[in-house]
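Going in written order, the chains are labelled A, B and C, and every chain counts its residues from 1.
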């Protein structure tokens, strides 16, 4: 079991309101990702759920129980920190067993669970090492191991991959996703990286300035962004926005087209422009284009597309892939 | 960044040390203040009475007080100049490539661990003694008249002894700071054509400024209350030539039993120290940010 | 530094540095040497550096004249006792200041340090009178408490800077793992803080061992530590260089050795972490 409900949760530090009031429903077994730019309150929201911060007002319910005032340990949650927060003076075995020891579990049961977790996470050979002797990825796995032995009702991850290098990040992303499939336990995951959000989540919560901008599955957010912020945040490279006359013709303040939704031609199309930088990756071609009106555009062509700096190019948005936004940035 | 419960607990945990220090500061200070307005001599108990500012007038008009003031400042200033200046030079030397750096460090740091009474006695008898001291022998060896350091130059001799004790401290801290200097920065300066002197004034000194502040702060705290060195070597003499404020208050109270007068002196010392402290705290407050 | 240093340069610096270091160390070396001389050799002119009749007679005589061992034990009890007592009070304070800082924490620390600046002379008389009326003059307990109080600001500061280096995420992790405050301190905080606590302890033992204002003024014989014991040699009847040296050597040896072992931690501790 692991359902989490936030009811009008507010948090302020002194006079500064960080979370102005969030309602959120997380179902048992879901992988929920909080995503948003830095300072959007996503980590604070996670820490409120964990009980590491007091809520200013509102209610947090876990598995039907009001835990708003409960101590962190009483919430049956486990957390993986950005810095891993391993105990440097304990071996890997002791690190993983620590929550069990705190719960007063008998030693043989502790050992059994540690072995089990170590097996899942490929840590069996490292149990007697200290965290200082491990690589970043291994430390990450120890932190996860420490979380899973408790068999919590939900896992909380606070930007767990941001200290890893790019290649390892991709691996760990997959490992965490697999772990979720294997354990089928609720996971709440905080990141500023929309790629992590898109690849891992069942449900994404996009936050900005402490407010929930949109909640939905990755493809829902991709297909139907509720506003210009979500549209710009989800998807890589970012969505292009065109304002002015071209937008007005479609009855909007601004229109948005994703880089991958342009049809490109060297002879004709809806918008004309000049190629600035062309990035030929082989599998894809990314073109940084300046439209004749001066608007910068990034467009992606699948495969090879032989143009270079200074070439003229024409772009046409694909049918049904143009997003329209009003003055306040809301989708029309 | 925490819960209310923890905050309350945190305040409770700070309380004992704050209360103790508060008590340690306020109770004796209030008593000193009270005594300073009394005529109170340990030799004539039961004769205490309120006499207003008399003690202060007496103390401030006493030429010994002004001498002690001057000596206190000379002592603090002199030792600071010697230790900071010498410390920078020594630190620069120890930072150079050499053999046996560890042993050199151990020898240089040693005086810091010597208790003040020991170093004062050793210097007084075995070095500065005009008959049997090593300095006397050195003087005689080159055909000069031995100097009776503690009688002829008492304050300077004490400055020398105290500086010897504090030089290692300054050296060690400045050396540590020096070693954290970015070598790429030095190389960049060399590429830009900076000479040795330019590197010293534009790179090394600014880099050391924080460490120098720390040295000055900590040494001042201890130097304002130099006592044992004076007690053991000169007893403040000859006359008042090597008496600092701390020693003056001590002798007024425990040698002349004049509690009232000594208390007035103590209060004056506290006020002076506060002026210095405010200045220093500003300095370190900035440095420690 | 990957730069090549010429051998002549290196030898030049070596000779210069050894020379200067020897000069600085010489008074201590001379004291130790003199402690093994006969009184006649000790004041011989020209001085005898190494070629004299080595004797340990002085050490025996120092012990018989005044019980060195008792003063040594007083020094140990007073310096270690005051430091432990100080740690007991300062650890919780530093812990909460480092991990639950309030707006005024910085000011509070500054204020604590400023109490160090209060000249001892300002409070000598009341302390002396209070001690006299409470019967604490020349007692180990009395002087231990006073030394604890004068070093408390430094202990708190040092611990604070060490504790601040422990990432607070680790303590939060412990809390998430179900550790009570007691377990958090016992199993997580204390082991991680041990190096910092140890160097705080060392430095304060050294400071208390060498403290020579309050020990000289508040103790005379029974509770007198080595500082007071040595000061008794300043009177003319104590003017025997060899014996003075023997007594001095015994007074400084323990702390000199302790200090050499801990010089690295010492620098960090004394600068309140301001110089790395």
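The rule we apply is simple: a residue touches a chain if its C-beta (ideal position, glycine included) is under 8 Å from a C-beta of that chain, and two chains touch if they have at least 3 such contacts.
The structure displayed is predicted, hence computed values, not measured ones.
Engineer: In terms of Cα-based centroids, which chain occupies the most central position?
Structural biologist: C
Engineer: Between chain pairs A-C and B-C, which one is joined by a greater number of C-beta pairs in contact?
Structural biologist: B-C
Engineer: Quick check for the class: compute each chain's Cα centroid; which one is farthest from the centroid of chain A?
Structural biologist: The chain lying farthest from chain A is B.
Engineer: Rounded to the nearest whole Å, what is the centre-to-centre distance of chain A and chain B, using the mean of the C-alpha atoms as each centre?
Structural biologist: Roughly 58 Å separates the two chain centres.
Engineer: Per the centroid of Cα atoms for each chain, what is the distance between chain A and chain C, given in Å?
Structural biologist: 53
Engineer: Report, in whole Å, the distance between the mean C-alpha point of chain B and the mean C-alpha point of chain C.
Structural biologist: Result: the chain centres lie 16 Å from each other.
Engineer: If I count partner chains per residue in chain B, which residues reach a count of at least 2?
Structural biologist: 1-2
Engineer: Where in chain A do residues touch two or more of the other chains?
Structural biologist: In chain A, residues 52 touch at least two other chains, as defined above.
Engineer: In the complex, go through chain A and note every residue touching chain C.
Structural biologist: Result: residues 50, 52, 71-73, 77-79, 81-83, 85-90, 98-99, 102-103, 146, 150 of chain A touch chain C.
Engineer: Any idea which chain C residues touch chain A in the complex?
Structural biologist: Listed in rising order, the residues of chain C that touch chain A are 167, 169-170, 172-180, 183, 187-188, 191-192.
Engineer: Give every residue of chain C touching chain B within the complex, in rising order.
Structural biologist: 1, 5, 9-11, 13-14, 16-18, 20-22, 24-25, 27-28, 30-31, 34, 43, 45-47, 89-90, 92-93, 95-97, 99-100, 102, 106, 108, 110, 112-130, 149, 152-153, 156, 168, 181, 206, 209-210, 212-213, 216-217, 226-228, 230-231, 233-234, 239, 241, 244-245, 248, 251-252, 255-256, 258-260, 263, 266-267, 270-272, 274-276
Engineer: Taking the touch rule as given, give the residues of chain B at its contact with chain C in the complex, in rising order.
Structural biologist: Its residues touching chain C are 1-2, 6-7, 9-11, 13-14, 16-18, 20-21, 24-25, 27-29, 31-32, 35, 90, 93-94, 96-101, 103-127, 132, 134, 137, 140-141, 164, 167-169, 172-173, 176-177, 180, 183, 210-211, 214, 218, 220-221, 224-225, 227-228, 231-233, 245-246, 248-250, 253-254, 259, 262-263, 265-267, 269-270, 272-274, 276-277, 280-281, 284-285, 287-288.
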